[in-house]
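Note that the chains take the letters A, B, C and D in the order they are written out, and that residue 1 is the start of every chain.
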Amino acid sequence: MKEAFKELTRYKSALVGLFILFFLVALAIYAVVAIPYGEAIRLWRGSEAMWRYNPRTAAPAWIDYFTPKRLLHTVILDSEVAQKNVEVLSERTRRILITYTLDYKADVFPSELAVVFKSRYDKKPPRVEVIWKTPDGREFPFGRQIPSGAIHWYTVSQDKDLISNLRGAPEKILFQDPKDAEKPIKGIHTITIKAYVFESDADIDAEVIIYGTVHGLAGTDHLRRDIGVALLWGAPIALAFGLGASFGITISSIIFAAIGAWFGGWIDGVVQRLTEIRMVIPTLPILIMVGLFYSKSIWVILAVLIVLNLIESSVKTYRAMFLQEKRAPYIEAARSYGAGHLRIVFRYLIPRVIPWLIPGFVLAVPAYVFLEASLSVLGLGDPVLPTWGKLLSDAFGHGALYHGYYYWVLEPAFLLMATGFGFTLIGYTLDKIFNPRLREI
Amino acid sequence: MGGYVDNIKKAQITEQISVQVYQNPAYQSYTTEELRKLIEQKVALEIKRLGLDKPFIRFDSLYGFFHSRAFMYLINALTLSLGRSEHIYSSSGSKQVWLIIKERLPYSVLLFTTASLLVFFASLYVALILSRRYGSIWDRLSVALAPLSTAPSWFYGIILILIFAAILRLLPFGGLVDIPPPENRIMYALSVLKHMVLPLLGWFISGIFVGVYSWRTFFLIYSSEDYVEMARAKGVPGRLLERRYILRPTLPTIITSFALMLIAAWMGAIITESVFNWPGLGSLYMAAISQFDTPIIVGLTVIYAYLLGVTVFILDIVYAIVDPRIKVGGGTAA
Amino acid sequence: MEDRVLLAVKDLHKWFELRKWGFIHVGFVRAVDGVDFDIHYGEAVTFVGESGCGKSTLARTMLGLYQPTKGEILFQGKRLQKLGRWYRSQVGYVQQDPYGALPPFMNVRRILLEPLVINHWGTRAERERRIREVLEEVKLTPVDDFIAKFPHMLSGGQQQRLVIARAIVMNPKLLVADEPVSMLDASVRVEILKLLDSVQKAHNLGVAYITHDLSTVRYFSERIFVMYAAKIVEKAPVKELIRNPLHPYTQALLDAIADPDPENAHKMREVPPGEPPSLLHPPSGCRFHPRCKHAIEGLCDREVPPEFEPTPGHFVSCWLHK
Amino acid sequence: MEPLLKVEGLKLYFRTTKGIVQAVDGVGFELMPRTAMVVVGESGCGKTSLARAILRLLPKNVHTYSGKIYLDGQDVMQLNDEQFRRQIRWQKISYVAQAAMNALNPVIKVGFQVAEPLLIHKRMKREEAMRRVVEAFQIVGVPTDFVDRYPFELSGGMRQRVVIAMALVTNPQLVILDEPTSALDVLTQANIMNSLKGIKQEFDLTYILITHDISTSSELALEAMVMYAGQIVELGKAGHFYLEPLHPYSQKLMSSVPTLREDKELDFIPGQPPSLINPPKGCRFAPRCPKRFSACDQEPPMVEYKDGRKIKCHLYA
């Protein structure tokens, strides 16, 4: 084994494969350590509230470096950057003016606007008004309503009155250059929140959120979720699923093949018939039915997959190998010094063929990783866990391609492809090393 | 098992029947209470008719298993009495599962048989050329590109749609023909062809590289067989050598791999078709999944199983024809 | 006399059933068909014959790997079937293809340990000591250089030494050597034969040496048994047999063997026509009669010749020596 | 008389993952028509590679293939592959490969396989070719009704004869036989050797017989070549070699051959042949040679001994 590894590192392609694999494993370990399993599920299943500060379907931030236009990162103006003036109007009533300045430099319009009011009062809620002053001095007052509750999300972009007043989407009109409607105006916007509070110890604070068009390392999806979480967590799941399936299936098939070939007779007959039956079982449709009628949990699917493939069609190939090995002189020698049946099967036959199976085992891993992705694309992905396949499926289902959210498709696709490449490169090289007939050429 | 799907189905039935009852003028004189009872009765009847009152599957006893719905479906399916669908209609308006499947089958066959044949013969041909030029740049390139085939065709489908449909706007995103379909027959065929390009290309990319690589390796291995060396020594010219000494003895393997490829194509169709919105069996499967149309799902699964079975069976026969060593049957066993 | 006998084989038959399609009975392959002989303590005996004459089946039956169809094998006077696994530690096996005879995934130590572990021999330290002892004996020295190596790191001769070491690691009484040198280079053959000889003498082993090559026989064994078509046709001491072969088959076999001599190129050899018969349908009477130029019509093709003893210790199954 | 085959400085190296294997390293010899040369040596000394180099049956990983080969005065190294195929293969040289059991295509009837060279090179009609095949079968002793059989229906000895028939069917001048009998039984071996002798006389053939079995080789040999580690170490008349080998390697080789009739003390060569990847400097046999002395660090020249033999050894320089 050590020799094989050493030999592996002599091939450039295998080195690339090993590098990719190393990267994936590191990613997987980081994911599991940084975001524990439960946390990952909570994050991914969490309602929109958890991701409220993220823009919707924003591209990854690094896109900025590759486009001539300057893109917008989300800006959150909170009390720390605000000027707050309190005027006492009467014994109880006070007017609070919160002023924010926004130096707008991006070449694109924000994706959304929102204001979050956080107020403290006993009975009578404060009244607020927002006055938006553009760099060229136009003023737009809006939002004349009373925030109810301690925290109130006022999504400016969805204010129907405002939209009809402005005759357009607020995030566009407010930032429009009067000379060129397609370009945002650059410069200092001043946003003033004018609030009246009616109780002596009442207070109000606000955050203005100008949602960007890019977000984080990986961008966000239609539910504002950070795709990075799914990309990260996709790694351990893909590895676990791919390796688990390939390992379980290879091992069980080998054992069946070895037992059938060694004992022969009716035992071999049973194994052979089971193989033939297995050959006519359509795996994918059955997995689909399991996903549909029983459980979409990835672990259940994995288990079913392994059970369906306990006797894989490759048992025939393994069996042929074992039948040949069975006649090998060293097996006869072992019998001559008294080795029992089970010892021969498990200590002689199986160890003998393992090197020949390793390449196949490695090469099968990507197939199972993609199988999981396929199921996800069919809408049968695990409902709680984020996986690369789920990302693709979400992207595809929400028209990412039509709307140009290419990152949403390309990021998981890239990772899937990398996984496939890593394992395949190593697999082919291992095949060259372990397969005596390939060595000669 | 089957629990939440059953609930959805029962809700659907209740809704359907309620609408029917409320809209039926015959029941206008009924009071609300009477109507409610009437609906309950009808729903119960329908549930019984669909067998939804029986458990989906049971393992508690043999009796329980044989009286579960899963077993019922299985028996009906195996005898190819596929029954009637629950929601999906054929374009002629029939609910016969068999008719629905029959209507979709040609589209799948058209796409995937073309794709398989294309990939199969292209890879054989290229591999033969490469094995002749072992060690050349093209040969090494084929080795380097082989890992590209690690991804399935739908995956390339998505990438291709991204490039050719979304960015370049050259080819359609999916579907069978343009909307509205062209009246002219030739234009219709051309339109279908245009829609086939991307799925075919996706299938081709995902199959060709590994195909070329593995056939090349296969031919290289077999070209070092003693009898091939001997034929070369005899001065058998290259093409003839390939045909008579490499292809001919390995024909059983080649045929097997073609059959296995077809099987894989039928399975892979499910996803590829749904990505490209191709109206074949795969899309039908997807539609059935999203509408929980169990008879169609079961029916298709069984059709797949039969396809596999028939392929395996034909394979055995072809073997015996192709390989003279098999004609003597088990006589060689000592 | 009797107590000199290590292994006695009496009227041994080993037939294999031949089936078509896995269940239709076609007939029996008579691989060993009525064979009698003794091997004495510390005696080396050669079985010689062409491929397919049943000599390898005989070896496997002697090793207890096959159950005899008829007849019996007595080891130290006891029936083989009754001895069970203990017998396996009393008999060593040296095969033809040394590389194939060694599990490629085990190193030298593991290979030698296997028989000891399986037969619950000694303690861990004793086993280690025993392994080093046998490696010394077969001259795979210095032992430390070899003990961790895998078979593919050894040359053909070294592999065969290791096989011999494994065969004697349990201190057996009998060694079955099936063509132990036929796959080795001529230069190594002698080396291995000499090693086998020294091992045999040192441990007073009974050896059944099976070969198709008569030219190596005189360097190794004391008696020769000639096999043809599942039967022993002639038994004699080596020198006697080479000087005075009695059976026409033995004569043909000896005639066919060339010693290196430039004159060979200028003369034709006399070789009996045809090929050995099928063991599924062997000829009636003497099995050699269809190829035998001395065949007596009406006798050789009808009656199976019994064993005659024309000179003491020289047995032959041929009507010519009645 | 002109030599039929003249080889000069023939080299065949191939590339492996561990390094360059110098399988044939500067081999030169002449072969007169109607003679038979035996090439002996331990396995792995380059005998088979020599045969393949002469026949231009090169492995895919070939590194160096150089030297001169004249056949009947024609410089065959000048021919391109297609010319070589048309003019040389089976027209002038035919070949009986090692392990002839596997040298037949399992799915084609043996008769057709034997006829194939006639169809390809002699452009014969099929019926005519089959008539020649039947004749060839008779010569080598294969029942003529076997033409319609598949290889798996034949015994090992019969398959071997079929391969020999295949080598003879086009009446070539030179036949290279690579271990033609090594897997066969004594009687079959003797039988085939008899046929080969008979055919040689009848058709004026020239043989190169490659074998590691020195006893059997004497059945055919008129000339002998001893190879060690990819080089020729002794070359001369077979009589001289069998009776009085000169090179220490030849001597050791001869003394390790067991004899049936003569009682002699057998000897063996300790150690094993060197790896052809990094062969020893100087004389390649020196590490195993009982007679080595200081000069053996240098590569020995090929010297001509008084009886016309060529020896690559410092002892005779």
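To be clear about the criterion, a residue touches a chain if its C-beta (ideal position, glycine included) is under 8 Å from a C-beta of that chain, and two chains touch if they have at least 3 such contacts.
Remember, predicted model here, so these are calculated numbers, not experimental data.
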Per Cα centroids, the chain farthest from subunit C: A
Geometric centre: closest chain by C-alpha means: B
Chain pair with the higher count of C-beta pairs in contact (C-D, B-D): C-D
Intercentroid distance (Cα basis), subunit C paired with subunit B, Å: 59
Centre distance in Å when subunit A and subunit D are each reduced to the mean of their C-alpha atoms: 66
Approximate Å spacing (C-alpha centroids) for the pair subunit B, subunit D: 57
Centroid spacing, where centroids are CA-atom means, of subunit C and subunit D in whole angstrom: 32
Residues of subunit A touching at least two other chains: 441
Residues of subunit D whose C-beta touches two or more other chains: 60
Touching two or more other chains - residue numbers and ranges from subunit B: 134, 220, 224
Residues of subunit B that touch subunit A when the two form their complex: 1-2, 5, 56, 134, 143-144, 146-147, 150-152, 154-155, 158-159, 161-162, 165-166, 173, 213, 217, 220-221, 224, 267, 270-271, 274-275, 285-286, 289-290, 292, 297-298, 300-301, 304-306, 308-309, 312
Subunit C to subunit D touching residues, read off their complex: 50-51, 155, 157, 185-191, 193-194, 212-216, 218-219, 242, 252-262, 264-265, 268-269, 271-272, 275
Contact set on subunit B toward subunit D in their complex: 134-135, 220, 224-227, 229-237, 240, 244-245, 248-249, 251, 323-325, 332
Subunit D residues within the subunit C interface of the complex: 36, 42-43, 155, 157, 185-191, 193-194, 197-198, 212-222, 238-239, 242-243, 252-254, 256-263, 266-270, 272
List of subunit A residues in touch with subunit C within their complex: 328-330, 332-340, 343, 348, 351-352, 355
